[in-house]
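There are two complexes below, and they share chain A, which is joined by chain B in the first and by chain C in the second.
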Partner chain A sequence: MKAQGAAEAGGAPQVAVIGFASQIRHVSDGSSDAELLAPVIDRALAASGLSRSDIGVVCTASSEFGSGIVGSVMEVFDVLPCWPPVTHSHLEGEGAFALYEAWVRLLAGEADAALVCAYSRPLASDLSALLALQLDPYLVAPLAPRSHQLAALQARALVDSGRYTERDFATVVSARRAGLTLDAALAQPYVASPLRGPDCSTTACAGTAAIVLAADASASRAAGRPAWIAGMDHRVETGAFGARDLTRSASIEEAGARLELRGAEIDVLEVHAPYSHQELIVADAIGGRIGALNPSRGVLPADPLGVSGLIRIGAAASAVSRGGALRAVAHATNGPCLQQNLLCLLERDRRGRLRAGG
Partner chain B sequence: MTNRCAVVGIGQTRHAAARSDVSLAGLVREAVERALGDAGIDGREIGAVVLGKAPDMLEGVMSPELYLADAVGAVGKPIHRAYTSGNAGGVAASVGAGLITAGLHARVLVVSFEKQSEARAAGSTLQRVPFEAPWHGGTGSLFAAVCREYISRSGAPADIGDRVAFKERQNALRNPYAQVRRADITLEAIATSRMLWDPIRFLHASPSSDGACAIVLADEAAAARHARPAWVHACAVRSEPPVSPWHDSVDPRAGRDCAGAVYGQAGISNPIRQLDVAELFAPYSWMEPILLENLGFAEPGAGWRLIEDGATTMTGRLPVNPSGGLLGANPIGAAGLVRFAEAAMQVRGAAGDHQVDGARLAVGHAAGGYSNCVAMWVVGSERP
Partner chain C sequence: MSEPEGRGEHSMSARVRTKYTYEPGLTLSRFLRALGERRVEGGRCPGCAKVYVPPRVRCPACGAGPMTPVPVGDRGTIVSYTVVHVPVAGSPTKPPFAWAWIRLDGADVTFPHLLGGVPVEDIVVGQKVRAVWAPDDQLAPSWESILHFVPVPP
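Coming up: the complex of A and B.
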């Protein structure tokens, strides 16, 4: 299972997305995490053309606070391709970061192919309140600010900066939410001024996503056209909101610069923005010449915690492998007010990997 | 085209039942500053940070990499969270090594922590599906069943658990960072301590701990600037389903395969002869003979004989856990990284009073879940 792609490619290996599947359910039918995940893994593998035994690395992600179960990964092992044992890693958080780890492991030569899965089945009745647990546990979390309220501080700062108005937020909303006009969006009551209900993503849903990655030789044998990962970078900002300029994203600017995105042609940009105004901040920070922004409609209509970012990568990869895009960028975020951000650059042609580290 | 990786800085906190003198951030910062100081570098020279941590619910902080980004010096950099299970610290080290090997960064900081005093680990790790009746067994009840099965299979004498614990507790006296240091410890005190979960007695068990560990990894060019790097000769992670017809809880294939993978990468064909020291993740003394067999140091059923023969003591054929192991301190999320770091300290000749003379090749091990998730590395004083 040792990678031979590096030698064949005559340089650093490159990795591609070769299979993707996802599912979102708005109504719980009592299915377990494993039951929700199994068909999605099967579909992603079928799309890739690989079999379970080809997978040498499995990276999974979930939120145990969301599901209320400690060690929830132990309950999904039944459906993971982990027998015979493989390299497996689980993280609590956004699945896009699990994909980053799988990418690193393939680049390091640990295996030829990887499966990345994220699953979310939130039993918590009030996710916006739960997310306060991401904050400084001594000084901020005890105040129990809801994530909507923190996002509203950011949205208010953006309005005050003069760059955008509530009408711009509503424009985003009407583009993402089917059947909601701009005026209808503006007529909704505030949840936390200046954010209205439709500005906040719909989190009451169960979601699963699976992506198959493969290094050079295996990727070339894939069933469909590979979407090559030309580069990936993620950055985190301070946990102290007061120390950040909330109206811009320094972490995306940095990651985007390393991927040489500023001013570049981007056919498709998939943004993980749980609040309408954040889509504007993310797109500005990337600063590319963007063809289509969130053709998948993004995460406002359905936002399964910890899965949404991975779905963006899958959607961007699909745009490349099936939709005719030459370059697509996926964005994923974690934490309050876009504190941590990841960018994944996908291209139709293999041209070697950008050295985005440092 | 992969890059060599070396450990060039190591730091750990004073481990204690309750480090109420520091916050979570303060605890982590203590280990980070020591690791950077040991490496002799400034935090600005770190390209990326990997944070290993067992389940978030243990402290009740969700995605703690967000809150701790400042404390570990990650602001403006990538910070990657590793978890998986009790092997979190080992998985974190493997991600860090991957970032170096893949050529993405020249220097990576790997940090792991646990602050059990702000948590309820024993209870929360056994919490299952909501609305199910709680099972107040304690984590040790899971291991006790495994140990009983091992005794039944191997015919190990009843005092093996006492002997391992005595050896670990004596070793811990040489380790200034160990939390449990009982100068008056005797074999008899261990053998007569309270039975918790038969055959596991109170003094066979690891304590609840607050602690953190940090290491600085560097690529070959960056490592050239540092004295005494510990070179990573091999690193692997393996997991298998915890409940399946194939899962053998005494001799899980994940452990066997993980050991096979690192020995293969490091060119080791006879681990007990070629390795100079082992740091194993054994939260209960009875787990040590089990691991000695699972990781290929003894034939099945013969691990306990190494203990009876004294082969695992400081002056034996294969000193196991010169640091005192988890019986000295068990900050769950950090405990795996401590094992990896202690292995590196040994081959750097920097282990102080618990240094094994002439150690050149060492193995570090971390395990979690139902012993179904394993991470290991082999480090050496010589460049691979």
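Coming up: the complex of A and C.
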């Protein structure tokens, strides 16, 4: 629990992902968030080799706006390693952003190990109607554009730019969705042109994920090979759609530049793209020499909103810990048309120098 | 919804309406279903053996779980209480009335519930109480299947 890593190293500690587990459900069996989360936390802790009492910081993320239960985090307290009391922080939003906070807390020397959890229940309400309520209440929300429709405006701008075609979108779809050929994807009807049904991620009924982070000393005690976080960057862009060039991602370009990714070797890139065309925008904005893109198949086949980004970090870390990757990058997004973005750089070798973001 | 104050040329009102499906979970659903059959079912922690009413998904004290369902009676003890003197809008109970912390026989934790059948000035800590169940046609998988607790003679 006590933060010793920084003192031993004589400087800022470096932090690694040492445990990850997740679960996605397409049909409910009646389990609550706490019931779904408990075994996932157990698996992540078991993979890390740490015990509940080693955890000094807990950061959780969910959407109470999405689940409709105000204060629903109270329900999951029992399954978190929160007793005796530890620092706990809850975020209304994407789990990857909660991981960013846990990372900063460990860098600051608050503790040696942290647990990050995200859980969501995107089908508790009419999700696309709910998301429309979060838009600008004066100029956008009264027209009630659904998330698919806003994404389609972005995809249309990308086609109009001449860089990509609907066939390119279908190529992404056929690579991510098992058993769907490129021609079969192109034969699907439009949801909002140029996007067809398979271009839009399949919303999952429920999702949970847990990641264990540890600073130097604790990370070296990990059961498996640590995936060192060499840098992380999280940025948000304006909510005024017309003020952005939707065919590119200024926030990812900036994040990637700070993490020195442009032109760099990236063995595995895990992209959080709820729409096929967004995978192209994200990969272009990073601009690395990418070995494998979304070997986990990304979020198109199963998308638990609010957990999907944290799962990308877990998948990228697993590629380093258990696969052959020397360097992996995870991307997480939230908001309409890739409004806010996070990049997490994970490496097999511990560096002395952090490529930290903003 | 009432109109916001100060509505005029510099404000607007927008109605936000949405519908949610809640799932109380397998542990709580089992507890609620038992209440609908006039039974109280706690949960015993596999780690520290404490009996929780209502049962929890994991033990809040030691983290062990899942809990083993154990039947407990509908009788218990007043551990502490408060008398409410000020009426609150929306409350179905008229003051003065009492909330009590009640520990059921066989349970290790308390829960708050209403006291009835006793003048508030006669309530005593340590008094034995029993649940008054809703009539058959009002029984449901709900905490409200117990209307209140009343003292039982020693």
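Keep this in mind: the second predicted complex is superposed on the first by the 349 of 358 C-alpha atoms of A that agree within 3 Å, B and C clash if a C-alpha of one lies under 4 Å from a C-alpha of the other, contacts with A are read in each partner's own complex, and residues count from 1 in each chain.
In this section, a residue touches a chain if its C-beta (ideal position, glycine included) is under 8 Å from a C-beta of that chain, and two chains touch if they have at least 3 such contacts.
Quick caveat: nothing in here was measured; it's all calculated off a predicted structure.
Undergrad: First (chain B), second (chain C), both or neither: which does A:I69 touch?
TA: Touch status of A:I69: both partners.
Undergrad: Classify the contacts of A:E35 with the two partner chains as first (chain B alone), second (chain C alone), both, or neither.
TA: In the superposed model, A:E35 contacts chain C only, not chain B.
Undergrad: Which partner does A:L133 reach: the first (chain B), the second (chain C), both, or neither?
TA: Once the two structures are laid over each other on A, A:L133 reaches both partners.
Undergrad: In the overlay, work out which of chain B or chain C sits against more residues of chain A.
TA: In the superposed model, B touches more residues of chain A.
Undergrad: Touching A:A204, do we find chain B (first), chain C (second), both, or neither?
TA: In the superposition, A:A204 contacts neither chain B nor chain C.
Undergrad: Contacts for A:A257 in the overlay, against chain B (first) and chain C (second): which applies, first, second, both or neither?
TA: neither
Undergrad: Just to be sure I read the superposition right, which of the two partners does A:W83 touch: chain B = first, chain C = second, or both, or neither?
TA: Both partners, chain B and chain C.
Undergrad: Touch check for A:L182: first (chain B), second (chain C), both, or neither?
TA: neither
Undergrad: Where does A:R52 make contact in the superposed view: on chain B (first), on chain C (second), on both, or on neither?
TA: second
Undergrad: From the superposed pair, tell me which chain A residues show up as contacts to chain B and also as contacts to chain C.
TA: 68-69, 77-78, 83, 123, 130, 133, 137-138, 141
Undergrad: Which of the residues in chain B end up touching chain A in this complex?
TA: Its residues touching chain A are 1-2, 23-24, 47-48, 55-63, 65-70, 74-85, 91, 94-95, 97-99, 101-105, 118, 124-125, 127-130, 236-244, 246, 253-254, 257-258, 369-370, 372-373.
Undergrad: What residues of chain A sit close enough to touch chain C in their complex?
TA: Residues 28-35, 38, 52, 67-69, 75, 77-79, 81, 83, 121, 123-126, 129-130, 133, 137-138, 141-142 of chain A touch chain C in their complex.
Undergrad: Over in the complex, which chain C residues touch chain A? Could you list them?
TA: Chain C residues touching chain A: 12, 14, 16, 18-29, 56-63, 65-66.
Undergrad: For the complex, give me every residue of chain A touching chain B.
TA: Its residues touching chain B are 6, 11-13, 58, 63-65, 68-71, 73-74, 77-78, 80, 82-93, 97, 100-101, 104-105, 107-110, 123, 130-131, 133-138, 141, 233-240, 250-251, 254, 334-336, 339-340, 355-358.
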